[in-house]
Amino acid sequence: MRITLINPNTSRAMTAKIAAAAREAAAPDVEVVAVCPAEGDGPAAIESHLDEVHAAAAVVDAIRRDQAAGGSDGYIVACFGDPGLDAARELVDAPVVGIAEAAMHVAALTGRTFGIVTTLSRTLGRAQDLVLRYGFERACVAAYGTGIPVLDLEEADPAAVERIAAWCERVAWEDRADAVVLGCAGMADLCAHLSERVGVPVVDGVAAAVGLVSAMARMGVGTSKRDEYATPPHREPLARDAAVAGSVTA
Amino acid sequence: MRITLINPNTSRAMTAKIAAAAREAAAPDVEVVAVCPAEGDGPAAIESHLDEVHAAAAVVDAIRRDQAAGGSDGYIVACFGDPGLDAARELVDAPVVGIAEAAMHVAALTGRTFGIVTTLSRTLGRAQDLVLRYGFERACVAAYGTGIPVLDLEEADPAAVERIAAWCERVAWEDRADAVVLGCAGMADLCAHLSERVGVPVVDGVAAAVGLVSAMARMGVGTSKRDEYATPPHREPLARDAAVAGSVTA
Amino acid sequence: MRITLINPNTSRAMTAKIAAAAREAAAPDVEVVAVCPAEGDGPAAIESHLDEVHAAAAVVDAIRRDQAAGGSDGYIVACFGDPGLDAARELVDAPVVGIAEAAMHVAALTGRTFGIVTTLSRTLGRAQDLVLRYGFERACVAAYGTGIPVLDLEEADPAAVERIAAWCERVAWEDRADAVVLGCAGMADLCAHLSERVGVPVVDGVAAAVGLVSAMARMGVGTSKRDEYATPPHREPLARDAAVAGSVTA
Amino acid sequence: MRITLINPNTSRAMTAKIAAAAREAAAPDVEVVAVCPAEGDGPAAIESHLDEVHAAAAVVDAIRRDQAAGGSDGYIVACFGDPGLDAARELVDAPVVGIAEAAMHVAALTGRTFGIVTTLSRTLGRAQDLVLRYGFERACVAAYGTGIPVLDLEEADPAAVERIAAWCERVAWEDRADAVVLGCAGMADLCAHLSERVGVPVVDGVAAAVGLVSAMARMGVGTSKRDEYATPPHREPLARDAAVAGSVTA
Amino acid sequence: MRITLINPNTSRAMTAKIAAAAREAAAPDVEVVAVCPAEGDGPAAIESHLDEVHAAAAVVDAIRRDQAAGGSDGYIVACFGDPGLDAARELVDAPVVGIAEAAMHVAALTGRTFGIVTTLSRTLGRAQDLVLRYGFERACVAAYGTGIPVLDLEEADPAAVERIAAWCERVAWEDRADAVVLGCAGMADLCAHLSERVGVPVVDGVAAAVGLVSAMARMGVGTSKRDEYATPPHREPLARDAAVAGSVTA
Amino acid sequence: MRITLINPNTSRAMTAKIAAAAREAAAPDVEVVAVCPAEGDGPAAIESHLDEVHAAAAVVDAIRRDQAAGGSDGYIVACFGDPGLDAARELVDAPVVGIAEAAMHVAALTGRTFGIVTTLSRTLGRAQDLVLRYGFERACVAAYGTGIPVLDLEEADPAAVERIAAWCERVAWEDRADAVVLGCAGMADLCAHLSERVGVPVVDGVAAAVGLVSAMARMGVGTSKRDEYATPPHREPLARDAAVAGSVTA
């Protein structure tokens, strides 16, 4: 089984880190391919609604390229805002899962409640939209920004890790969350350390998405093509699409 | 007062029609400028999540161009999916209003309930997301697609108008909606006719947005720049952005 | 266009202040007429459910008088509890807007969240009822009473203004509200000062209602007369109504 | 124990009927006193928001009179819109219960769901407000107006009873409601007949309110005087209040 | 009228205490019979989901025994988790009320909001499930565990009472609850003292359930036997059921 | 990896069928062990709240036996009511997933909405409780009982399959559900046939649970032991527990 993981920002270092986390969580018969947009074809980091607009376009590009090359058994949108997820679902029959939704669904199975610890507080509005869209407004009891920018997570220094851990502890022990959801793909490599430190399950969306999308593929359950997510009406390619150099496989 | 109205699809005929509806609803001291993307720089119509991704990029482009040219006192996103609205708010201090939110807010003031009549049923999921985002899940008692594609509304034939009217009547008299919200900017010119025919207020989002955004500008109330909607972190321009020919003023 | 603004308490000083705020927010072609009940025909202030009962009766009286005199293009109920709003809508075809609903709708357009700062905490229950009725239970992230009685706002002293400002700052910066809604018509004159001081949009419902109701009138959108808000069954006048001396134009 | 039941409309026939239903449901040690406003001091029937405004004033009058005469151990607002209930609670320490809330609370204890069958469909909006206020938006699965005016229930003819029964059956067997709530005090005498006919519990709010308010009185549980429902600020009597002839004991 | 009260834990001391509270709240014509499982046939205390599983079985046993002996006019499940309530309703035509639901319904009638003070914090999840099931998610503004185990309440020492009182005060005066719900049948004897101390109504579910279930019996309103709560399909007795020594009447 | 699947009814034929479905959906390195209670130690079928009470006890028994024998890497409660799930989570550190929650989480990932098709309509109340508990009240757009008893599914005849298929089609094409959730473990073998017939994803909870619980085990994410789901207080074994003959491995 082949799963394509799309990091919609242009950081190759982060893409490699995410790919490693995904492979660690995959069953033996699952192959993970990780791609990101070429420099200049996507946002350097995704920390605003504006970045999300460009990230969504990058996700759509990556899906189309993979489909043109034969397609995969499942797709993962590896940015916590789940940008372009609805459009991605329109483009394929296979299952598509975003890491925010994946992390929330798994966290909900560890008990009753969870909290989110993310990068900049300005992204909390988008997280809140997703919590509501996915039905977790009662399960999600807290969401905090740490103030750490995404790209500082490419190689997180001990102080940053400490700050993230402190927020996770607050979520678990003051806000009474049964689990903590990490709000950025760039935190994937911290997950095991944080789980041990905090004492409750800490959930990384990348690993969660690998589990969910491969489970769906094994069950033969893909994206519903009923109406909303049916193949969209044909459009001539946009001029801007022709200018995209392409994605990179990390 | 100058209000810039952005139609994110490339139909000049529709842009002209929308501009006319906006001007009719504007106070004497309000100037409306209407723009749309050049052919190939935006979707021909917006009827899928994929189209929404491209529409959001077109909205962002248009806002940036207008800001570079001195800016406006308010902005309107004139597509019923309110694409790119959050990103547009990040980019300006002035008020920004989408036509879906505008229509829903005004419809809510006519009584207790409203229903939505739109183009293709595949867009109802997006409408439902917006209903929830704006808090109208109790007020909105029905939403239907007529099956009429957006571009057929450039010049709606009598059969299409009849079909839209029939759905409006169903919403009002079977679903017991106090008002009907028209789910496409391309229906703006039918509004008065439908109101009279149906017997309850029929609300066009373009006119509603003109009213709301000019009211906000008069009050000195713009977009909150507190955190989520503060100016986003600077990013180098994307390669694809350089390829955009620019927007057109209709 | 003529808009009648009804202050349901008997304070002429407050009515004059409200009228001034309304006129400042009105487009050049909008005439604002402000009325309040004669002394003894309405409550001196509206700070309890009991006061609301009497305020609702005063609103109904004022609407009937205005209708008998030829009617207006729109009506505003200028008390933050929106007393008598549903009954007022039954009595006219024109749009009717309460200042609580107006302020909340406009605040929602400035971003994602708002908070309310009002007079006595005992009125917060009514505010909460309205938040729920209008669909803003997710948007409204905080509501506080300052402990300042309504009539102290006729001419607010600097300490009172300072206290209100401090609560507004708490709402914006601790409760993370994108905007602040002022929970009393008597605070209308503080709005500009507070906006500047707090750093997020501060919304006065009187100005907001002028904007909304004149927008509706311009669009030709009034109150839905479908069923709930149709003209009510005829009743013989109540004995108590005959005893009312009438309203006063401020 | 003495419970005062307030019918806020002026129909003495209906007040007598309500009093009989209340007495039948009362424990042996409970005395029920039933009052209604004198002709001209309250609405003849309560079928609109306008009627509710006048009904609320009548409830307040009745409570004050009873308090002045020594007070009761509990109060019932015997109109399905629960008019003036919040104000009534401010005025007394004893428990106060409205028949809409009483019927809904009891219906909820018979199973999972209930439906409402009421008089004119124009009152359904108010019923919906109460359903939401009391937290029964999931429990209440349907609400219908029969089109029968309130005063036709003074002595309901067989055709009216048949129509009400048919709606009750629809609620139970098509909408799958475990119980039916009768949406008008004037239906109190039909309750036993309807229960037998329909095959699920049919709940009359008058009997339910007697049970609830006497249970509270026995427990020593009254109205919370914490803040919202504390005694309201003193106001000079309104001129209109002086014109009220008083209530009638039926 | 005969009401059977089922304490699903095996503490005879607690059963006697609960019975006394129930009798104090009952009308003169109501007889209360209180039972609990024999030692070894039910949990010693109910402080976990595991205990709830066993408590539910004990409730079912007790109902069956009472039915076999001729049945009662109403039943009370006297454990704050309302264990086995749905199953109990299937088994009888008479009304069945749990003390958690009873306390919440009565608390809701004292004003707008309530809070819960219970034993161990680990039971708060179950309380939250019930709050949601009964529709009180807006009314219930706080819920706290005191850390006092259930069996310590058999004879609460002054320090435990003080601790409970302190939490009640916090709920009323910091969380702004109009009433306090006691989250354990074992607190029934503290209710009057706490009400006086805290200054808002403190509601014991045992007394509340007596009031509600006897009100329903008087009205002739029992459990709906429509579909969900109809008599369940016949099953052969389980081997484990034969091993139960029976319940004890305290 | 070893996953223990617990069918809480005593049908060995059904247990075997469920085990087969689970094994088909498992990754190559996952071993599935399926158990059910011995005859007389659990309900023959689970079709009422009463059956759920006994099923919960059977789940607890099975978990304890498996723990005593060394434990598993994950547990599945294979009855659509998810009986005893909370108690099971208290008893282990490993992940525990119910098939109702599993099916709903997976269905939610196929699009926006799903519907449920189950056995007897009397079980729909429990399904509704779970929909709410898991946050799918907006995603779940319909739920129907087919009227087919659980044990008729041991070997479903063509007429029963046809009836189930017809309800699935109604859910997909009239209620506009993107996916269908099968509301009984006994339908597991029909899943592939129904998916093909209906044209949208049809989700079997057994396969879904295998995917979810093995994904969690791979991620190192188990049950949160924070407070609610921590190991429960020790209790002496109940007399009735000693009477249980034990579970059977199918």
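By written order: A, B, C, D, E and F. Residues from 1 in each chain.
The definition used in the following text is that a residue touches a chain if its C-beta (ideal position, glycine included) is under 8 Å from a C-beta of that chain, and two chains touch if they have at least 3 such contacts.
This one's a predicted model, so the numbers in the text were calculated from it and none came from an experiment.
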item: From subunit E, the most remote chain by mean C-alpha position; value: B
item: From the options D-E, C-D or E-F, the pair that copies A-F, where over half of the contact pairs coincide; value: D-E
item: Copies subunit D and subunit C - interface residue numbers shared by over half, same or different; value: same
item: Rounded Å distance, subunit D centre to subunit F centre (Cα mean); value: 45
item: Whole-Å gap separating subunit B and subunit E, where each centre is the average of the chain's CA atoms; value: 53
item: Sequence positions of subunit A contacting 2 or more other chains; value: 89, 112, 125, 132, 138, 227-229
item: Subunit F to subunit E touching residues, read off their complex; value: 40-45, 47-54, 56-57, 60, 84, 86-87, 89-91, 121-126, 129, 132-133, 149, 227-228, 230, 232-233, 235-236, 238-245
item: Sites on subunit D touched by subunit E in the complex; value: 25-29, 89, 95, 97, 101, 105-106, 108-112, 134-139, 172, 176-179, 192, 195, 199-201, 203-204, 207-208, 210-212, 214-216, 218-229
